[in-house]
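The structures come next, written out as structure tokens.
The following pair of complexes shares a single chain, subunit A, combined with subunit B in the former and subunit C in the latter.
Moving on to the complex of A and B:
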């Protein structure tokens, strides 16, 4: 009886998630009347704006990931090692981007960093890109912090740190050679989540007027019928590809298997 | 000044004084154990030597150099932890070579040293394995090799055998001692296991409540405990209440028997009560030549331990434990039977208040 319930729940879940996806995919293939084709995908790939916005978002995602890792890994490590009492506060701070809408954050940025401010980041394209990267890092913070913190939980941070110190290692060596390689899979999962967020983000990029992939998807969605679902399928493929990469890295990382 | 000199160390956490005025000098090549119950401050002392904790007051000198304010990575110490603490992302060879790499030793020299270390611990074939592919004993051997590879000035062992099973513990502790003797490295071993401490140490420091109650060779600590705590903590001890008969002549009475202790061993007046302690191996079941003090007893418990049989008997109101060697022709006494125990006055330890 329990098995029947379990299978029913599983099938309902699959239908809930898979059916809309299948419907969307099918619709994206129906651009040519009366037959299935990849015309919508071809149109998307032929559009130069797709490549421009996608590569722009990809570069910014890379920058966001690097900044996020440099910010989150040492912070989460330090909190675990030296400030465990500050953990609830840090967790609360990292959760704030989930409750504060992106539009509020970006308006705050614009007020703080406009051309008449002390730090006029919005005055140049590069400055705005830096600002956008910071904004993306803020949006990805809850996911990145949790992923890294979960990774740190699987290792004995304090003892490994002390062992490395007793062998003459300094903080940078410890972080780079001991801590980071041991939470690499967690960092990667945080990085891929960041990538997914950055690729699809609309509000910040649109309000800062940057040529990102999110505003392009919105533009396409407002003016075309078949290309938007094709773009959504492409976005899903990227996300799933990233998830597959996480699995692959875990599999090839020998020492990670010990934790399974 | 001793090679490792700890002088007037104090450590306060909040309002809790964990280590109080702790001083100790350790000679080069000496193996010293810090022994005591949980919370006695032994690990804190070790962590202060390692540099993981900063002393509230006092100083630490290694080879004449004041290292009190130095960071851990500048102290040239080696350390073994209870939880092995091997780096999970590195192979055995990389783990052993980590300290050498941090020191900037060139790869060929590093590889040679790693091979030498792995041979020393008897695991030359496991260089390419990861820690999760090793048993607990193997991991701790690798941890020892890793700690010794950069040739530290002092080796610190923080209960490294506690997580291992009994057989591996004994073999590994002997191995650690052999290697320590061979290399002549000054070593401090923290443990709460008195048997472990006694079996491998040149000197034991018994700690209680943040202070060193007594320091000395295992033989001296066991046979001449200076405080009641040391007597009770190191080995099993039977405490009998005696009444002073003549303090000047060292005469006390135990359960109606007069016992002559060394002249001047006791102070006090006639009728005062003193505590006499006896180790289980000093007491015989039945009468024995050279043990003139005989007391009636009832057998309460018999524990067969293989080569030794531990018997608990009741003497008046006190339970006394004694050890006898197992002999196939002499079965253990039945429970509840009436017997006698005997001991010599010279084996009795007069416990201070």
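Moving on to the complex of A and C:
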């Protein structure tokens, strides 16, 4: 009896998730009348704006990841080593982006960093890119911090630090050559998740008026019929790729540990 | 300074260890806390800069009230359905005697689907349940069922509910499977030895233990749906009257005709997602105390 219920619940769920994926794939192949073809994909790939916006978002994702790692790893390390009393506050702050909607945060940016403010970041393209990167780092903060902090839990931070210090290592050496390699898997997981979040992000990029992949997809969706599902298939493949890479690095690390 | 502060012996040591988190604090202030404070303060300012409650009063129009109500309804329904369906699928996999092989693909897929929100998700549903979508056409040609004639429209409230469930359910699955794994076999056996039925075990043992994580996930799912802009915008364009879409239009072009009313609109969003989380924290501390 339980088994029948279980299978029913599971299969209905699978159906719910499979149908939209089947729908978008089928629709994206229907551009040519009467037969399936890859015409919609060809159109997308021939569009220069696709490559421009996609590479823009990719670069921004890279910048977000580098900044996020440089910010989160030293902070999480320091809190574990020297400031355990600050832990609840820091954790609370890292969870705030899950509570405050992204649209509210970016609204604040626009008003706080406009051209008549002390720090007129939105006044230039580069400044807006920096602001957007910071916005993405904020969105990724809950995931990045959680991943790195969990990674740090599995190593003995205090002993490693003392050992490195007694061998004459400074703080930068400790972080770059002791701590970072030890939490690399966690950092990579956080990085791929950040990539998955940033690559198709719409709200922040659209409101800051930057030529990112998300607003481009929305624009195409408003004007075309067959290209949008093709873009959806591509976006789904990218998300799947990011999650697959997370699993891959996690599995790889387990293998490494087992050998030791 | 109060008396208590004066009596305490002063510490003159420079707190150098706090310098280590200075970059993080600076980042959080500049790009998270100050922007939010700007919104909160602006919500209580008149265009001239003085303190006023007028913006709060001005929120009370037919159109804004109905936007909030639709948004709250949308978030509550998708959070509830997401929790219920996600729980059903997760417990089917953990307890339902399904083969072990389905578990890991389900978790991986949930990781993908919970991040597959926004613009592409809207495209996927338009291609499936839209006027020329796969399922719509299939139902029409094979069974003569016309979804549109039956009152279903993807570009409406219920269409949005169905679409949001695509990322709400997987999020629930991701969070609840570890919690279900935490239910020890011994507890069930102990309950059975004492004569409990399956329903009694769930009601009196498993459910109270799971309650904090269920509630936490519910609050998270609520905030997740409440703040979502991209999916709704790509699906219905600017016409659907929900708060994030309204705020989006306001930021782009001051459609309300009053910048400070925009602050108030955003402030209302923070209050609602904040309340959802405070409720969660209060109920969690309560249930945890009870668990001891």
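Throughout what follows, the second predicted complex is superposed on the first by the 224 of 260 C-alpha atoms of A that agree within 3 Å, B and C clash if a C-alpha of one lies under 4 Å from a C-alpha of the other, contacts with A are read in each partner's own complex, and residues count from 1 in each chain.
Criterion: a contact is a pair of C-beta atoms (placed from the backbone, for glycine too) under 8 Å apart; a residue touches a chain by one contact, two chains touch by 3 or more.
Bear in mind the structure is a predicted one, so any value in this text is a computation, not a measurement.
Novice: Do subunit B and subunit C fit side by side on subunit A in the superposed arrangement, or is it a clash?
Specialist: They fit: once the shared chain is superposed, the two partners occupy separate space.
Novice: According to the stated criteria, A:126 is in contact with first (subunit B), second (subunit C), both, or neither; which is it?
Specialist: It touches nothing on subunit B or subunit C.
Novice: Return first, second, both or neither, reflecting whether A:164 touches subunit B, subunit C, both chains, or no partner chain.
Specialist: first
Novice: Specify the angle subtended at the CA centre of subunit A by the CA centres of subunit B and subunit C, expressed in degrees to the nearest 10.
Specialist: 100
Novice: Given the touch rule stated above, what does A:181 touch, subunit B (first), subunit C (second), both, or neither?
Specialist: Touch status of A:181: first partner only.
Novice: After superposition on the shared chain, which partner residues are touched by A:9: those of subunit B (first), subunit C (second), both, or neither?
Specialist: Second partner only.
Novice: Just to be sure I read the superposition right, which of the two partners does A:172 touch: subunit B = first, subunit C = second, or both, or neither?
Specialist: neither
Novice: Who contacts more of subunit A, subunit B or subunit C?
Specialist: The larger set of subunit A residues in touch belongs to C.
Novice: For A:101 in the superposed arrangement: first (subunit B), second (subunit C), both or neither?
Specialist: In the superposition, A:101 touches subunit C alone.
Novice: Given the touch rule stated above, what does A:118 touch, subunit B (first), subunit C (second), both, or neither?
Specialist: In the superposition, A:118 contacts neither subunit B nor subunit C.
Novice: Once you lay one complex on the other using chain A, what is the shortest C-alpha distance from subunit B to subunit C, in Å?
Specialist: Superposed model gives a least subunit B-subunit C C-alpha distance of 12 Å.
Novice: Quick check on my understanding: which residues of subunit A belong to both its subunit B contact set and its subunit C contact set?
Specialist: Of subunit A, no residue contacts subunit B in one complex and subunit C in the other.
Novice: Per the contact definition, I'd like the list of subunit C residues that touch subunit A in the complex.
Specialist: Subunit C reaches subunit A through residues 17-18, 20-21, 23-24, 27-28, 30-39, 42, 85, 88-89, 91-93, 95-98, 102, 108-109, 111-113, 115-116, 118-129, 132-135, 165-166, 169-170, 220, 223, 226-227, 229-230, 233-234, 237, 244, 247-248, 251-252, 262-263, 266, 269-270, 273-274, 277.
Novice: If we count contacts the way the header does, which residues on subunit A are in touch with subunit B in the complex?
Specialist: On the subunit A side, the touching residues are 155-156, 159-160, 162-170, 173, 177-178, 181-182, 184, 254-255, 257-258.
Novice: Write out the stretch or stretches of subunit A touching subunit C in their complex.
Specialist: Those in contact with subunit C are residues 2-3, 5-7, 9-10, 13, 16-17, 19-24, 26-28, 71-72, 74-75, 78-79, 82-83, 86, 90, 93, 96-112, 134-135, 137-138, 141, 193, 196-197, 200-203, 206-207, 214, 217-218, 221-222, 228-229, 231-232, 235-236, 239-240, 242-244, 246-247.
Novice: So in the complex, which bits of subunit B are touching subunit A?
Specialist: Going by the criterion above, the answer is residues 50-52, 71-74, 76-79, 81, 83, 85-90, 98-99, 102-103, 130-132, 143, 146-147, 150, 156.
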